[in-house]
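Next, two complexes with chain A in common: one pairs it with chain B, the other with chain C.
Right, the complex of A and B next:
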């Protein structure tokens, strides 16, 4: 009886739920299933148990990818969020036209798709034509091989990354700054706080929820990094990761195993492992936040 | 800067000098790559970089001929059609499908409502890496590789869109729905004539964010469109930039510039909406 009454409700929900089931729930479940099979996408899949997981955990390439990812995340997340926070504070110290002007200019890189950020910076980093090496040359520096020197490549990637994402986080943090009541600052000043103490004791505690969102979001996107390193290294499914695999990351490795070597079972297992890691990290951040709030 | 703005920055202190210097330097770093891309396209190709480092545009006509060359001699125009269709269909689909569902979640009660909503929201935590390979395999099995539906349909059930619109539609007064129902409006008419017009702001924001995401999507077209006639702009741009393409830098940059034009125009028109839309994701998340 209640169900017939709700029929119009369910009819309106049907398109979303059908698409959600077909292109989210089903892939998740079937992907978990595929991860126990050896399958090239053409022949009959063969059940192999946990062999895919074993192969991934023991492979040299996935260990390189994991190490790269760890270094990358450890640098790019704190750096990116700090830069964004600095930009937000800076813009917050301007009023009216100039506040809007600087906010817009700092935001412009965000509207560039990631693939374009990579293909533009590829040329800025280029050894001969590249404008960055040209500028370094004016100051008497030697040519830096930004995209082929394995010791530098990771930092080149982080540079593009911060360039393209700082404005995004800045805008979110700026909204958080605007929500802090002005009298908190006045009270702090009356107590004799200087600028740094104001940031430490008023700004940071007040924007904590927004900051946690920004950090979590940055973590999740950094762990799945793909477009920019793929294009900076001119990768293809058969040859990816750049010189000495300096820019090899897990999602790239997953794509290579799937489409380059036609190991879709392995790729599915890889995706599942990555998901576990990402969900675990997200859950840890949330749990940590809750504990701090209760304690 | 104009004279009218000067009196406001009353005193010149070391702190204000530092502030302005820093702000301007960062603005240059932020804008320079895009400015430089533009200059490379509109540069006199005869001048070597050492003499003309492309810090400003030098030749309007060679820029125009670069654009003409890329549009006529390569598959770029074709890719543009594909990308535009992919983007428009995705925006229309996301708006329709998620607003219909949000209408129900925000304004009505029905059995299973809470669990359904919770399941969809949980999916926000699941990374794209988890679904990419199995979704590709599903699309391949349906025979949808190299088709528009293969590009578009998997991206339509946007949990983010549903969340955003549900939050927004919760503020629609129930009395308005009641009044319309007493006037004889059907359930669908309540959605179409009452809820949708009242949600215009949220719909526009979602449309803009979906545009940026779809136009910039690289990884999904990369696996689904394998034939040149279904290539999107992102793929063509990556082909231009690939190590094997053997094209000169001005042509490659033209390809980049043409891909950057739609998002830049969008940004100029909808700047405030984009910034506010992104800012609000932080406070709601």
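Right, the complex of A and C next:
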């Protein structure tokens, strides 16, 4: 009886469920299955148990990728969110034309195709005729090899990443700022708060849900970093990660193992390990948020 | 306790002048109420005193010191906002002690002052709660507590009761009056509710169109308004206004003919500033008109339109000859809709206004 009553609902959900099953659930489950096989995409897959996972966890390239990722995430997430928050505060300060102007200017990198952004930054970072080296030269600094010096490459990438992501995060944070009623700031002014104290005691607590979203999103994006370092280093599936693997990251390593060395089983296992890390970090952030809300 | 002087204060938003030539003295310990319709500039004036709005011209002095450019926190004022403005992420105690925390007061001092304010407002049991867990009345009390903790020279209230239901508003009104008595502080209160203004104020400031219309004690404004706006704004039900023409001036009395009718009305007035044939507006309060079933020489017939039974009184709305609408407040007697009765105006209570709406006093 209940099933008959709910049948139209199920019918309406069916198209989505079919697509979801075919293009999302099946690839995930089959990928998980392949992670226990040795498969080059040509021959029959051979069951190897947890060997793929062992190989990844013991591989030197995985350790380099994980170390690079850790450094990258630890810097790019706080820096990117801080820059976006600063820009949001700045844009929020303006009204009318200037607010629209700055919002648009800062959002341009978000809508720009990544290959174009990478090309622009390769030109900015270029060793001899690059804009940045030109400017540094005016101040007497020596030429910096932003994209070939292994000690600098990661920071060059972070610069590009912050530039690309700041606009998107700024727009979200700006929406949060616009939602804060003005009387809280007026009360704070009367209470004797200066601008920094207003930000600390009014703005940040009031946009906490938005900030948590931005931080979580930034974490997830950062953990999956691939396209910008790939383009900046002019990588291919056989040669990637830049000089001395300075810009080697897990997703890149996973792609290289899959499509470069035709180790699709290893790539699948890599993907699952990365998924576990992302889920664990996201769950930790949400748990932290819930604890704060309840406490 | 502190006194406040406002001299020739102006406020412009671009070319629009929203406050014009405001002059006002507030004495120490006085409870002053700014009252007027929406958009009259009363909240803007309060915010200028608080320092939340810049003053375009003139001077505001607190205890003799010009505070035009003084930072809001250093003016020695505390404000209670219409929307309470309690920080939702802080507890009641944190909200109340926030100003002291910012001024780096010792923790013991903060606790003492918060506890003291909480005792005054009976908030002791709510100190650990967050604003989201409080009722409207409790939030309002916390907002007042936050102001008390600052120990301000002047308390500013911006329509603090307008978000409360009618019953709670009456209760909080009484609490505010008691609080003023207890603290003896100078308080400035903004409201559009003239009943609130009448019941709370030592001094009422009636505003309209960015201009102070009249300043005085509530009953003085009620009995002796300077113009038609004040006469109409102060008092519920509002004063009746009747268009008329001066028909005769005698010793101590004036005879006027109501517009659109042959009916005349004789009332006490010295006649100064009036001349025969002059168009005027007569004002009489609803409680100064008597109703009876029988007509007489000085009565007007009234066709009752509808009747509002208020319990202790009855508000009768109707029309007199000439089409003027009249409201009568009657105590005791009951009247039915759609019948005709007779009105008798108290000749000693008729006020006269000229064509510009200014009061023409008896002289």
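Heads up, the rule we're going with is that the second predicted complex is superposed on the first by the 280 of 295 C-alpha atoms of A that agree within 3 Å, B and C clash if a C-alpha of one lies under 4 Å from a C-alpha of the other, contacts with A are read in each partner's own complex, and residues count from 1 in each chain.
Quick note on the criterion: contacts are C-beta pairs under 8 Å (C-beta built on N, C-alpha and C of every residue); 3 or more make two chains touch, one makes a residue touch a chain.
Everything numeric here is computed off the predicted structure, so don't read it as measured data.
With the C-alpha superposition on chain A as described, chain C and chain B fit side by side in the combined arrangement.
Of the two partner chains placed by the overlay, only chain C lies in contact with A:205; chain B stays clear of it. Centres of mass aside, this uses C-alpha centres: at chain A, the angle toward chain B and chain C in the superposed model is 80 degrees, to the nearest 10.
When chain A is checked against chain B and against chain C, the one touching more of its residues turns out to be B. When both complexes are overlaid on chain A, the residue A:75 reaches neither chain B nor chain C. Shared-chain residue A:186: touches chain C; no touch with chain B. In the overlay built on the shared chain, the residue A:172 is in contact with chain B alone; chain C does not reach it.
Once both complexes are placed on a shared chain A, the shortest Cα to Cα gap between chain B and chain C comes to 8 Å.
No residue of chain A lies at the contact with chain B in one complex and also at the contact with chain C in the other.
Across the complex, chain A meets chain B through its residues 2-3, 6, 8-10, 12-13, 15-17, 19-20, 22-28, 30-31, 34, 41, 87, 90-91, 93-98, 102-117, 119-124, 126, 128-129, 131, 134, 163, 167-168, 171-176, 179, 210, 213-214, 217, 220, 223-224, 226-227, 230-231, 234, 236, 250-251, 254-255, 258-259, 264, 267-268, 270-272, 274-275, 278-279, 282. Across the interface of their complex, chain A is touched by residues 5, 8, 19, 22-23, 26-27, 29-31, 33-34, 36-37, 40, 49-50, 53-54, 96-98, 100-101, 103-104, 108, 110-111, 116, 119-120, 123, 125-138, 140, 153-157, 159, 162, 187-188, 191, 212, 215-219, 223, 234, 237-238, 240-243, 249, 252-253, 256, 259-260, 263-264, 266-267, 271, 274-275, 278-283, 285 of chain B.
Across the interface of their complex, chain C is touched by residues 181, 183-184, 186-187, 189-193, 197, 201-202, 205-206, 208 of chain A.
Those residues of chain C that touch chain A in the shared complex are 50-52, 71-74, 77-79, 81, 83, 85, 87-89, 98-99, 102-103, 146, 150.
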